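Here chain A shows up in two complexes: once beside chain B, once beside chain C.
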Partner chain A sequence: MSTDIERQWTTRLRHRVAGKLPPEKVLPDTQPAYVASWIYVFGVATMSAMAVVIGTGFILALRGPQWWHESSVGHFVNSLHLWSVEIFFFAMVVHLWGKFFMGAWRGKRTATWMTGVVTFLASIATAFTGYASQSNFDSQWITTQAKDGINSTGAGAFFNVLNFGQMLMWHIVLLPLVAVILTALHVVLVRVRGVVPPYDDTKKVGEAL
Partner chain B sequence: MAFISFLAALIPLDGLGHYLHWGVIYISVANFIVIVLMILTFITALLAPFPGRSRRKESK
Partner chain C sequence: MSKKGFRPDVDAPEWKGGHQPYDIIKEGTIALIVVALLTVVFAVMFGSPDDKEITIKTWANAAPLDFAQTALGEMNGTTTTAGYGAPYNTASTGQTLGPLQLAKWAGVRIPINTEKDFVIRPLETQPYDPTLSSALTSWKAASSTQQTTWVNNFTKASNSMKFVNGNVVASTSDSGPVPVFINDLTHMARSGALDADLISGGSFFTTDYTKPLLFLSDGGYLAKLAQDQHLLGSQWGMMNETNSYPGQAWLWLYTFWYQITPFSSSSNADVQVWGMMMLLSVILLLVPVIPGLRALPRKMKVYRLIWREHYRDQ
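The block that comes next holds the complex of A and B.
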C-alpha cells in the first residue's frame, strides 16, 4: 500500500519540491556576508516597483481611459503607473549590470540568468504595449512609427500595433502574466541555487547556499 | 496648485525635445540624463558602505 502511495505523482512531486526547496531556503533567516552590499538590493527594488506597477494598473483597468485622462485622481494614478515603470526599468538595469559583472550565471545558475534575461525582454514588450495603449497623440505617434518596423519582421501578422484592443489585451493580460510568472520562477531559482558568491570566493561557487 | 504651476513653468514639457548628437549617436537629453543617473547609482551601490556590514563580517 505504502509503495503505491510512494509511486503517486503527487507524492513524488512533493518529495522533489521539499528536497530542492525546503522552508529554510524559501524564507532564510540569514544571508551570506557578501550580500551586505547596496548592489544586491536592486533585484528587490525592481520587484517592489513591479508591485506598484501592477497595483496602479488594477486601478486604471477598473476606472478606464476617460477617468485617467480627465480627472485629477486619474492623472495622479496614471502618473504613478508611468513613474513606477521608470523606476522598475531603472532598478532592473542596475540589477542587470551588477549581475553581469559578478558573473551571476556561475555555479549552475544559467537558468536563473536566462529567466532574468527573458523577463527583461517581456518587460520591454509590456512597456511598449502600454505606451501603445495610452489612447492619446503620444500612443498614436509611437504606434504609427513602430508599425513599419514590426511589419518588416513578419510579426505584424499577429501583433498589429495599430489595433488598440489587441495592444490593450497584450498589455493588461498576456504580457503581465508572462512577466509575473517569469519573475516568480526567477526568484524560486535564486532561492534554490542561492545568491552567486564573489569571484574570489571560488570554493563556494557551486554550492547551493 | 501654485507650486505645481511653478514646476510646470520650470520644466516646459509642451515644447520640442532637446537632443544630443555625436556622429552616429543621437539621443534625447532626457534619456541621456537617465543613463548617467543609472551609471552613478551603479557606482554608488558598489562604493557606499552598507549598514551593518562590519558586524556581519565579524559574526562570519
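The block that comes next holds the complex of A and C.
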C-alpha cells in the first residue's frame, strides 16, 4: 500500500518539490555574508514595482479603458500606472546589469539568467501594448509608427498594432500572464539555486580597480 | 569539484563563509512601501500625458488640402498604405532582409484596397445626392483603363488644387467623376461622417481602428503634429511621448539604430533594425554559454565594487 502511494505522481512531485525547495529556501532567514550590497535591492524593487503596476492596472480595468480620459481620479490612477512602470523598468535594468557584472549565471544558474532576460523582453512587449492602447494622440502616433517595424517581420499579419481591442487584450491578459509566470519561475530558480557567490579572486581591493 | 576542472565563468566557488540574518518578508514589505510612495510622489508631481486623439474630422478641417491630396493619393496609389504590400495588399514586396521577404511570406491578412475602402465605399454610404450618385454610377460603369485615365488627369491637375468656400477645386478636364469624389469625401470628412464610417466599417460594435489610422497616417497632418512634439523617427520618436515625459526609455537601443547609417538611409531599415534587435536579444539570452562574452564581468572586475566588503574581509 505504502509502495503504491510512493509511486503516485502526486507523491513523487511533492517529494521533488520538497527536496528542491524546502521551507528554509522558500523563506530564508539567513543569507551568505557576501549578500551585502545595494545592488541586491533592485531585484525586490523590480518585483515591488510590478506589484504596483498590476494593482493600478486592476483599478484601471475596473472602470474600463475610457475612464481615465473622463475622470480626474482615473487620470491620477493612470499616472500611478505610468510611473510604477517607469520605476519597474529602471529597477529591472539596474538589476540586469548588476547580475551581469556578478556573472550571476555561474554555478548552474543559466536558467535563472535566461528566465530573467525573457521576462525583461516580455515586459517590454507588455509596456508597448499599454502605450498602444492608450486611445489618445500618443497611441495613434506610436501605433502608426510601430506597425512598420512589426509588419516588416511578418508578425504584423497576426499582431495588428492598429487594432485597439487586440492590443488591449494582449496588454491586460496575455502578456501580464506571461510576465507574472516568468517572474515566478525566475524567483523559484533564485530560491532553488541561491544567490551566486563572488568570483574566486584573492587580490586586494586596491589592485583590481 | 576539483580545482583543476573549475571553469571560472561557468562554475561558482562553493561558499564556505558565514551567514547573516536576512528577513525576506520585511525587506519585501519595505520595498513595496517605498516603491508605492515613490510612485505616488511622481504621479502627483508629474501626472501623465493625455493629448486628445486626432480625428479625420479634425484633420480635414485644419488642413483640407492635405486631406484632399491624401484622398487622391489613395486613388492613384501614391500613399504609403496604397503601395505598402503585405499585410495590407500586394502593391509591393515590402521590406526584405537579404533574401528574406518576411512580410510577403506572411501574406495579406488585413486586406485593404485604399481606393475602394477609403474613397468609393464611404461615399456610397452617403445620403442620396444626384451629383454624387451620378458620379458613382459612371465610375462603376467605366473600364479600369478609363478610371485610371480619370485619376491620372486629376493627379496632373492636383498642383492647382485649392480649397475655396468649403469646396476642393482644381483646373482639370477629362477627370470624370474624380473631382466630385475628392470634394464630397472632403465634405464627408469635415462633417465627421468619414470617421464614423471608417471606424465602424458597417458594424455597430468595433475595437479595430486599422483603417482610420492608416488613412490618418497617410496624410501630412499627423506627422506635422508629431514633429512639433519631437516624435518623428529621426527625433528618437519611437521611445518618446508627448510633452517631456520619459516614454519608453527602455527602447533607446532600438531607436538608436534608426539614427545612424546604414539604417537611417535604408529602405529596409525597419526589418534590419528588428533583425539587429532580435540578434542582440538572443545574444543577451545566451550570454552564459558564449565564451568570451561570459568572461567579460570577470575581466571587467566591477564585481569587486559590488562585493567590496567580501574582498576587503578576505
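To be clear about the criterion, the second predicted complex is superposed on the first by the 200 of 209 C-alpha atoms of A that agree within 3 Å, B and C clash if a C-alpha of one lies under 4 Å from a C-alpha of the other, contacts with A are read in each partner's own complex, and residues count from 1 in each chain.
Everything that follows uses one rule, which is that a contact is a pair of C-beta atoms (placed from the backbone, for glycine too) under 8 Å apart; a residue touches a chain by one contact, two chains touch by 3 or more.
For clarity, every value in this text was computed on a predicted model and none was experimentally measured.
In the superposition on chain A, no contact is made by A:Val187 with either chain B or chain C. Look at A:Val94: by the touch rule set out above, it reaches chain B but stays clear of chain C.
Of the two partner chains placed by superposition, chain B and chain C are both touched by A:Ile39. In the superposed model, A:Gly156 lies in contact with chain C only, and not with chain B. In the superposed model, A:Leu21 lies in contact with neither chain B nor chain C. Looking at the superposed arrangement, the partner reaching more residues of chain A, out of chain B and chain C, is C.
Residue contacts after overlaying the shared chain place A:Asp138 against chain C, while chain B stays out of touching range. Chain A residues 33, 36-37, 39, 41, 86, 93, 98 lie at the interface with chain B in one structure and with chain C in the other.
Taken together, the chain A residues at the contact with chain B in this complex read 33, 36-39, 41-42, 86, 90, 93-94, 97-98. Listing the residues of chain A that touch chain C in their complex gives 27-37, 39, 41, 44-45, 47-49, 51-52, 56, 68-69, 75-76, 78-84, 86-87, 89, 91, 93, 98, 100-103, 105-107, 109-110, 113-114, 117-118, 121, 124, 127-128, 131, 134-146, 148-158, 160, 162-166, 168, 196-205, 208-209. The part of chain B that touches chain A in the complex is made up of residues 34, 37-38, 41-42, 44-46, 48, 50, 52-53, 56-57, 59-60. On the side of chain C, the complex with chain A involves touching residues 6, 8-15, 17-25, 27-28, 31-32, 34-36, 38-40, 42-44, 46-54, 84, 86-87, 94-95, 102-103, 105-110, 207-210, 213-214, 216-217, 222, 225-226, 229, 231, 233, 237-238, 241-242, 245-251, 268, 270-271, 273-274, 281, 284-285, 287-289, 294, 296-298, 300-314.
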